[in-house]
Structure formats: C-alpha cells, structure tokens
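What follows are several structures.
You will see chain A twice below: alongside chain B first, and alongside chain C after that.
After this line comes the complex of A and B, so read on.
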C-alpha cells in the first residue's frame, strides 16, 4: 500500500508539471497580453511603443519565453504561484481573499446537492418502476440536461418578480459575519449548482443500487429477517457507494475549486470569478498559479478516493 | 485616426468599461455608474434615427425634476483594476476616473459636450495670449485632512510640482518613471508663482487647446506628500495615497474591495457634494448579477451589455425608472489606406457615399445612434450641425442619389481595376457583431454595383497597430478612437497635419496645415469653431483622407427615479432623459443626487460610508 501511494504521488507530480506546462503555453497562445489589453489601451500612439516596452520590462514580459517558463516552474517548486500583474499582489494573497467565498459556495452546493442526489438515487432504486421512480428519474434527467445558468436565471427572475428577498449581490457577505445576508446571496447558486452538479450522482447511485440490490447477499439479508431499511442503508448502500464515491470525489473537488459561471452570475468574488477575470485581462501569473493549484487539489482528491476504496472494500488491494 | 480607444474595444465586451464610472462605469463594461457620469464607452440599440438627430427610445415616465434633497450614498459599478494610485504614472483611465471624485483640477468643463470651461480649484484664469495663461487660485483651499497632507493649504507651489514632475518624469528620489502626459507638460517652458495664489504658465508655442487639456479627466492634481510617500509602491491601492482637494475623501481603496468615499466637509464649494458619499462596487460584468443588483436597488443605475435588455427593464417598470441616453465615445470608422489601394481620392469619396451609415446604425445598434461628420456629433461645440450635415455627400438621406454618385466616382477613379477589396473587421468587433463580414461587403457591392468587396477578420494588435506608422495598415471597419475631449482640434492636427503624430495617411496639404495651425493657436472659441468648420469641409472634400468617420452610437442607462441630476435634459413623459456624451464624472458631486422623498427610494437597501 505504501509503495502504491508513493508511486501515485510521483505520478501526481508529473501530472501537475504537465498541467503547468500546458497552461503556460495555452495562455500565451491567446491573442494579446496584459500590457496590450490593460496598459496600452489608453495611450496616444505617439507614447505607445516606449510605454509598452517599459511596462513589459517591469513585468518581465520582455524576457525570452524559456526564461519566463523557468521562473514560473522554479516558483512552483518553492510554492510561489506568482504575482499578479494587475494588483501586484501574490497569487496566494489573492486566493486567500477569495477562497472563503468559494468554500462557502462550494460547501452549500455540496450540502444541498448531496442531500438531494443521495436520497433521490436510493429511493429511485428501491422504488424501481413505480411512479416515484419515474418522477425522480425524470427529475434527475432534467437536472443533468439543464445548464446551471438556466436554473440560476430562472430562480433569480422568480425572486425578483415576486420580490421574495434581497439578494445581497454587492455586499459580499460571509456566513460568519452576516449569515442571513449570506444565505440570501448563496441560496440560489447553491441550489442551481447542487442540483445540476450532482445530478450524475443520482443516476449513478440508482444504477449501482439496483445492481447491488440483486446480489445474493442482499437476498440473504432479507431472508434472515433484517429490516428493509437496514438492508438498504447498511448493506446495499455501502457497496453501491464505491464507484459513486469516485464521482463524488471529483464532483466535490470541482465544486470547491470554483464555480466560474455561478460566481460570475452572482458576483461572488471566489476563485472561479478570479480565474475568469484574470484570463480576460491576460494576467498570466495568478491564472497559471491557480490552475496548477486546482490541478493539485484534483489529483490529491483522486488519490484520497483511491485510498478510500481499500478502506470501503478490503478485497481491493494494490500491488 | 487615433490609436486611443482600444481600451473600450477590449472592454467593450462589457467594457467595457465598460465600459465604467459615469452612472455607467466598462467596461470595460462596468458602465452603469460611469454612464451616470456621462461618457459611456459601450454600445446601444433602439429605433431608427432621423437624419442628423439622435434616436428617441423607450418612454420615460419620470416626473419633472423635483427640489434637490441632500444626503444619501450613491452606489454604482466601478472599475475592477487600477494600475496605479498616482495619476501621473497611471496609464489606464480608471485611476483618473476615480480621482475626479477626490482631486481637483485647475479648470473643468461646465458642459463636457460643448467644451465650456470654468474654474475649478482656480478662482479665475486668463489667457494673456495663446501661449501665456495666468491662474489665480482660490484661497483657503485645504488638502484632505488626513496624513500626510493633514489639511494643509493648497497653494501655487502644488501646481508647480504637479507640472514639473510630469514634465521631467522624475520622482523624489531622482529616478525617472514614465508619465503618460509628459509631452503635454513639457510644452510649458516657464512656471511663475509670484505669490501663493498665482500661477503663470508660458508655453513653448501658442496653444488654444491648453485649457481643454487641463480640464480633462486625467488632469487632477494629487498631493505631493502622499505621492512621495507611496512613490515606491504606487501600484498598491491604498486610500491614503489618493489625497486631494476634491469633493470626496477616500475611505477605502484596496485591491478586490469596493471603493468607498465620503463627503469632504472642507470642500471649497459650498453645499457640495450633494450626497454624503459614494460606493463603487466591484461587480463582474455578468448581466444577471448587475440586473438583479439594480432591480433590487443595490445599484442606482445600470446599463446592460445588451442595450435592449436595459430598455426592456425600464419598460417593464413604468413609473419607477427612467432611461438616460448618452452617446458612446467609441467612434465607428471606415479606414481606407490612401498610401496603398486607395491612392485616388475619388475612390475614398465613392465609399464614403456607398457606405450606408443609417443602415449600419439600424443593423448593429437597433437604430440607436447618429451619423458623425469629421468631428463627431458628441463634440457638440465643433461638430457640423445635423441639419447641415444631412446635405453633404455621404450623409444625405437620398440613398439613390448617393449610390449614383458613388458609382460614377468609383468608375472614374478606376475602382473596378482594384480587383478584390478586403475591408478587414477586427475580432473585438466581430465578438459583438459576428454578421459584419456579410453585411459590409453586401452593402458596398450593392451600392457600387460590383462584386469585388469582401471582409475578413483581423486583430488590432497584430495587423493594424503595428502597421500604422509604416503606412501598410489594411483597410478596416470598426471602432478606432475614443472621444475624450469636446475639443477636436488636437486630434484633427495630429491626424491630418503634415507633422501630426498620428498622420498615418501621410496627408500633406499646405492649406489644411495652415488651418490646423491657426485653429490650434487661437484662444477665441468662436473663431476656433469657424476654422474647424472650414477644416471639416476640406476633409469632406478629400474623403476625410481615408479616415472616414461613420457614426457614434448611443447607449441607454436605466435609473431609478430617486437618482437625479447630471443630465442635459430631464426625462419627460414619453421622452427619455439625455445624458452627457463625453466623460462628466467630475460633475458627480455637484450634479448627482438622491431624492430621498421619491417613493421609489423606499426599500432601497441602506448604505453607509463611515
């Protein structure tokens, strides 16, 4: 097991390096750079060239690409995710401001999403081919097929139309400073993200449950007189959750890494909004650093999920 | 043809900017609050334009202007990024937009669209001639009462430092740092301060537009002590770095935070600002967030990236909101390279007539816009009046006559022999109007009875800008300049004078040179207008030398009824309000106010600035 974990860790480092290299190249393949999009935009042409050159020099954009790459990778190796061209703050400082918002939204999405998707998946399987199953399956399919922004817009319009509450869009409240206002802000994106983000889990859990419920040991458990609830929750669910857990792990890491659409729609200054705005203004260092950080989170969560497999099912062993 | 304005192009995705802070700040954009201050840098839509007249759009239902009530906190959308706290060293506009609320200028625009100037921190001014200006400062003007200025008096030496620092581009430690407007201040050869309240400036040559530049939004005077304190760290936002003598004091100015300003109790104008403060929120350009914030009165005004959405919201809320129409600073041009394919002026004149400006306004902007002559209609004081413009080739409403003459000129100039003509379209334009490559060639081919026009995408920064100076730029259609001043004389000079810094068409016409010089050197506004009129006629006779100005469009901003002021025309039943076209953010303190007695004020979430 230890050997497996070490091997996976090494592999993760390679994956992160590949992601870092890819994002470094990809952002530079985009037309324009920070100086052209943000600094040179207001200049008289007569001033233009000298000012652009000076700005490039100050930001290190005048260096050859390989040097910029070396600086970037060397920084990553020491935990330095770079400094924003726009704000002159370190990426860690920027993320520090934004992480709480993303975590708040992510937690809400996860809580709402799984508190809907898990019961739906289980009930749908247990009540297979009844009207309840059809209803819940229909709901799950609709949730999978509907874009998150669509649900968010519809919910917002309903709130606006009937003046249900004030969505504190400009106040940027936290749950620990003003829970009531925070709830007004987060509830719509959390429902929208929760329903669409975990719809796949509903479908997967249902199919896994159906498969497990047909197993001999489940029939045996029933035959031994165990209560139905106990059979479903203690014996069937635990086994059905193994593949579901993988999906849940990825879902959680994706949710917590930032909801670009929802954060932009509701002006939540989280990591998703940060990423998008930095990309628009070609502020490469924080964009690169954040992408690498998200990749690190995802591969780490994956590793943890794989390790959890062994814990859930002792038959699984890693050579 | 100017190179300014790619800010709006870049941020015109909702830049826009923007479109940004004039009850319609850009953003980039973030235009709602900046739009309230006029000078929108976004685009718009609506019904068709009458010849030479701005389009009227959605019905406004607001009541006549009530009596001004004091207090309240304005809330709008601010820029997301400021590149410096130092107005001398900032190369982006957002810093200047903000500092217009905090710092003063020697003079400012009484009417930003006509260019009428009046003293600001100066008590009075006098142009002894076009090269000598004397400013008598107000006495007893105090810098904001916080360290390091601590409320000391504003005196002539502050003006001297402001000018000398920019002219020399030297910091307190002796090092040099690029300053955006250095060239302008270098033209001041002598600064005399005979007493604490008098500044006498001598220029290296007569310049009748000198005051215009001093009145512009980028000419605010910062506090020396604060600038020197934050000199090494000028890119880090900090409220204490932006000290001025202006109407508001910065309470918070930090990266990623809302900008908060409170009333300056020691401001030198009595009973101003009208409001207690302002909050510029950082609001991402997502229309859902902005719309929700506006509809719930968390923003006092709002301008959607899609103007039809703004209008729809106003229409859906009759009696509680009104619409403000403002011209957009981005000017739409047809650039034809007279160094290369369009050497014969008849070809350029043919295209000037073949291009159907009104159709373009209708197709791209739902009719919200107005045709522009060589001086845009935004610059009211100098533009050819609409009634006169509509009689000139290229602007007439009789399309058949325009097409007939255009075809004759095209044939006479050897147009068919040019073969394929590619009118490039920048991708920033295509992002908003992707059908343009079909529309423009079809319009020109149909008008000229040919099949030789086509349009392909291009990039400003890759194909156009790098090739301006060498004269190898392509022909293109799109945004080009950003109208930042009501006075067009400098731009005309730079674009068309033999020695003009942006004379990329290599125009060399001695008579035109003489007129451009004469226009720039006069301080007599009436005379300047007359000369500029003659210049425009000459430009039209020569097809605008390939820099064919087509039109400027109009953007609607929605306002709650409780937000009042900073308008050229108040809304009346059935008619929208009219806002300023050119940036008027400096008038926020004196003109913009909140009517706390208006019924719509009820339910507005509270806002504080302390």
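After this line comes the complex of A and C, so read on.
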C-alpha cells in the first residue's frame, strides 16, 4: 500500500507538471499580453513603443519563452506561484485575500448539495417505483440538465418578485462580520451550485442503493429484525457510498466551474472571479499559479478517494 | 437515429420475424418497442426530434429575423420642433420608438428584449446553434477520442502511458477554465472554434471509455486469429477492433451532447460564446439586466436550454441502457 501511494504521488507530480506546461503554453498562445491590455484604454501610451518595451522588460516578458518557462517551473518546485503583474504581489497573497469568500461559498455549496443529494438518492431507492421516487428522480434529471446560472436566475427572480430580502452584492459581507447579510448573498449561489454540482451524485447513489438493497446481507439484516432505518442507513448506505466516492474528483471540478460563474454573477470576490478577471487581463502568473493549485487539489482528492476506496472495500487491493 | 441502435438488443426469437418485414415497418416496430421499454427514453427521443425539427425548420418558423429591431412611429415626433422644446422633451426629436421589453403577445409570442428584438425568433435561431454545437462537439470528441483510445489501448506500452497521463492532466483541469483558455485564442471566437474547444474538453473522457473497451477485446480469439492470419496492426484495428466497439462509441456520442450544450451555454453566459451568433446562454445573460421587471428573455431562453439538454440526456441514457448498461455512472 505504501508503495502504491508513493507511486501515485510521483504520478501526480507528473500530472501537475503536465497541467503547468499546458497552461503555460495556452496562456501564451492567447493574443495580447498584460502590457497591451493596460495600454488598450490609453491611446497616448499605445503609441509609446519605448515605454511598452520597458514595461515588458520589467515584467520579464521580453525574455525567451524557455527562460520564462524555466522560471515558472522552478518557482512551482519551491511552492512559489509567481507574482501578479497587476498588483506586484505574490499569487499566494492575492489568493489569501480571496480564499475566505471562495471557502464560504464552497462550504455552503457542499453542505447544501450533499444535504439535498444524499436524501434524494436514498429515499428514491428505498421507495423505488412509487410517486416519491418518480418525483425525486424527475428532480435529479432536471438538475443535471439545468445550467447553474439559470437556477440562480430563477431564485433571484423569486426573491426580487416577492421582495423576500435584499441581495447585497456590493458590501462583500462575511459570515463572521455580518452573518445575516452574508446568508442572503450566498444562499442563492449556494443552492444553485449545490444542486447542479451534486446532481450526478443523486442518480449514482440511487442506482447503487438499489443494487446493494438486493444483496443477501441486507435480507439477513431485515430477518434479524433490525429496524428498517438502521438497515438502510448503517448497512446499505455504507456500501452504496463507495462507488459514489469515485466521482468526488469530478464533483470538485464541477463545483469549481460553477463557482467561476456564480462568483461573477453575484460579484463575490473569490478565486473563481479572480481566475476569470486575471485571464481577461492577461495577468499570467496568478492565473497559471491558481490553475496549478486547483489541479493539485483535484488530483489530491482523487488520490485520497482511491486510498479510502481500498480501506472501505477490503476486496480492493492495489498492486 | 435510435432505430439502428435498438436492433442488436432485440432477442433472436423476436428479431427473426421482424427481419422479414420491410424497412419502414421494421423501423416503426423497433421504435415502438424502444419507446414502450424505455418510457423516459421515449420522452427524450420525442424532445430530440422536436428540437432537431425546430433547428432544421428554423428559417420557416422563426416569423421574424433574430436581429430585427421592432419600432413604432413616435406620435410625439415633430421634425420642425424648436431646439428649446427638444431640450425640454427629447422625445420630440426621435422619429421612432423601439418596442423594448414587450410582454408576450400574439405579435411577439415570447415578448421582445431590451433592443426590441423578437424573443421567439431568437429562441428558434438559438435551437439551430445549440444543435450544431452539441452534435458537432460530440462528433469531434468521439472522433479524436476513439482514434487515440483505440491506438493507445491496442498498442499499450509507452504511448499508452503518455496518453493516459495527458488524459489525467486534462481531467485535473476544471472544465470551464480549459474552455476559457481555448476560445480566447482569437479575439472574436467563431462558431467552429467553440465546437473544437468543447471537443478538446471531451476527448479525454471518450478516450478512457474506448480504451477500456479495446483492452477488453484485444486478446480475444478472433483478434489473435486475424494476427495469425498475417493481418497488419492497422487492419486489425480498423476491421476487427473498431466494429466490436461500435456500441460504446454510439453511447459516448449520444450521452455527451447534452453536456456540450450546457458547457457552451456557460461560455456564452460569460460573454465568450461564438461571436455574432444568437445563443441561449447570451440571452439568459442579457435577460438578467432587468430581471424583476422583464423576466421573459431569461426565462424562455433558460427553459430552452434545460428542455434541450433534458431531451438529449434522456435519449442518451436510454440508448446507453439499451446498448451497454455497464457504462452507467461513467
């Protein structure tokens, strides 16, 4: 097992290096650079070639690509995600400012998502082929098909139409500074992101539960006279959750994509909005660094899931 | 589309008498059986047929141009108005008024948007775009993914290793970030770039599935027989491996379409969709401007996305269950 984990860690390093190289090449294939986006709005500066060349020299954009690449990779190796062209601050510091917002929204998305998707999956399996099952399955199928921003638009419309509360998209409240305002801001994106992000989990969990509920040991548990509730939650759910775990990496990826949209919609200054605005600005280092960081989170989640997998299901052994 | 795919799943006993019937009758019978067995799949198929019909017939049923701005003469317009009066009432100087933000009516079935354009016409035109993008992107992903997956699974070795790590790397990217990177390569992304970007996003998943299908059959007796016979690798892949993985290929193709339409809607919503085209994602975004007063544009275009994706997803799921239930949950 230790050997397996070590090998996977090594592979993950290779994968992260590939992601870093890919994003490095991709951002430089885009038209324009940071200096050009800055002078684009300033007609007088746009003609000042000397100043533009000087700015590029200061940012290191005049160096040959292989040198820029070497600096980037060497930085990553020491945990340095680069320095923003725009603010001249390190990417870590920039991310530090934004992390609280993203974590607040992300935590709420995960909490709401799973507190909807787990019951939906379990109940529709237990009540298979009843009207409750049809209703919940219909809900799950719709959740997969609806864009995250459309759910957010509908919820916003309801809140506005019935004047339920004011959505503060300017004050940037935190849960620890102004919990009430923060809740009214985050609740809509959190429900939208949660429902769409875990829609796949609902359907997968239902089909896994159905399979597990037909197993002999479940019949035995019923025969022993255990309460239905504890058979379902203790005996069945545990085993049904194992395959659901494998899609966690995909779920994280879906939630990140959702956050990019939701943070832009609700003007939440988190990492999703940061990523999007820095890309448009061609501020390469923080963009590259953030993408590498997210990729690291995703491959690490996948690794943890695979390790948990072997631990939860002893039949699985990794060579 | 589904009738040929249903055929292999028909039990032998049933298939024999059906085979004697003529093409059209057989097609209807097969379709009828598919709909009876897969009720949700039938609903999905009906939606897909409806959307394909709308996409094909768009010019005939859209009633108005999708960029045509509706205006009415301004009753207050006075060409000889005194500049001082115009300063007091600027409406005196404009000969026409845009019919902005109209509610649904007999004239504008879904109302008009902020530029006085007919929302119904724009939804219909958007259907054509969604279909082109969904099917086009899935085709790109399946072609690239199958080619890479077959070669990688068949040969194995270092090529397989390199390909699999690249697939890992692509799957470690949050999908939307990758899309954002690709579509910005040119300032105004044309439609074909959007399709290619979505295909690039999807080929990794396709490759995984195709590769495992190839691994499952590459040591079968019939492949070994072909090799003993002296067939080249290229011939074995094309004539023996490929025909035996048609089922998963059809499944990944049909199951991906809905997801690509959704991803394109997200791109368009963020303002990076295909330039100069009317897409539903752009319409939802535009409709947010005055959402509480004029929700029609956002609501109708959002529902159009959901219904379309729902149709393709349901049909895709049913085709998967029919052809290759093992792919469930992938």
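Throughout what follows, the second predicted complex is superposed on the first by the 304 of 319 C-alpha atoms of A that agree within 3 Å, B and C clash if a C-alpha of one lies under 4 Å from a C-alpha of the other, contacts with A are read in each partner's own complex, and residues count from 1 in each chain.
Going forward, a residue touches a chain if its C-beta (ideal position, glycine included) is under 8 Å from a C-beta of that chain, and two chains touch if they have at least 3 such contacts.
Small disclaimer: the values here were computed from a predicted structure and weren't measured.
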Query raised in the report: Of the partners chain B and chain C, which touch A:170 in the superposed model: first, second, both, neither?
Result: first
Query raised in the report: If you stack the two complexes on chain A, which partner ends up touching A:19: first (chain B), second (chain C), both, or neither?
Result: second
Requested in this report: Have a look at where A:2 lands relative to chain B and chain C in the superposition and call it first, second, both or neither.
Outcome: neither
Report task. Tell me which partner A:243 touches in the superposition: chain B (first), chain C (second), both or neither. Result -> second
Requested in this report: Applying the touch criterion given at the start, work out whether A:147 contacts chain B, chain C, both or neither, answering first, second, both or neither.
Outcome: second
Query raised in the report: First (chain B), second (chain C), both or neither: which does A:11 touch?
Result: second
Report task. Give one of first, second, both or neither to describe whether A:78 is in contact with chain B, with chain C, with both, or with none. Result -> neither
Requested in this report: Could you say whether A:31 touches chain B, chain C, both of them, or neither, answering first, second, both or neither?
Outcome: both
**Report entry** Touching partner for A:89 - first (chain B), second (chain C), both, neither
**Finding:** first
Report task. Starting from the residues of chain A touching chain B, keep only those that also touch chain C in the other complex, and list them. Result -> 31, 149, 153, 156, 160, 264-265
Requested in this report: Quick one: which bits of chain C touch chain A in the complex? Just the residue numbers, please.
Outcome: 40, 165-166, 168-177, 180-182, 184-187, 258, 262, 265-266, 269-270, 281, 284-285, 287-288, 291-292, 295, 298-299, 302, 305-306, 309-310, 313-314, 328-329
Report summary line: Per the touch rule above, chain B residues touching chain A in the complex are 2-11, 13, 75, 80-81, 83, 91-93, 178, 180, 183, 235-237, 255-256, 258, 279, 281-284, 286, 288-289, 292-293, 295-296, 298-299, 427, 459, 461-462, 465, 468-469, 494, 501-502, 605
Query - chain C-facing residues of chain A, complex - result: 11, 14-16, 18-19, 22-23, 26-27, 29-31, 141-142, 144-150, 153-154, 156-157, 160-161, 204, 207, 243, 247, 249, 253-254, 256-257, 260-261, 264-265, 275-276, 279, 291, 294-295, 298-299
Query raised in the report: Any idea which chain A residues touch chain B in the complex?
Result: 31-32, 36-48, 50-51, 54-55, 86-89, 94, 97-98, 149, 152-153, 156, 159-160, 166-172, 263-267, 269, 273, 277, 280-281
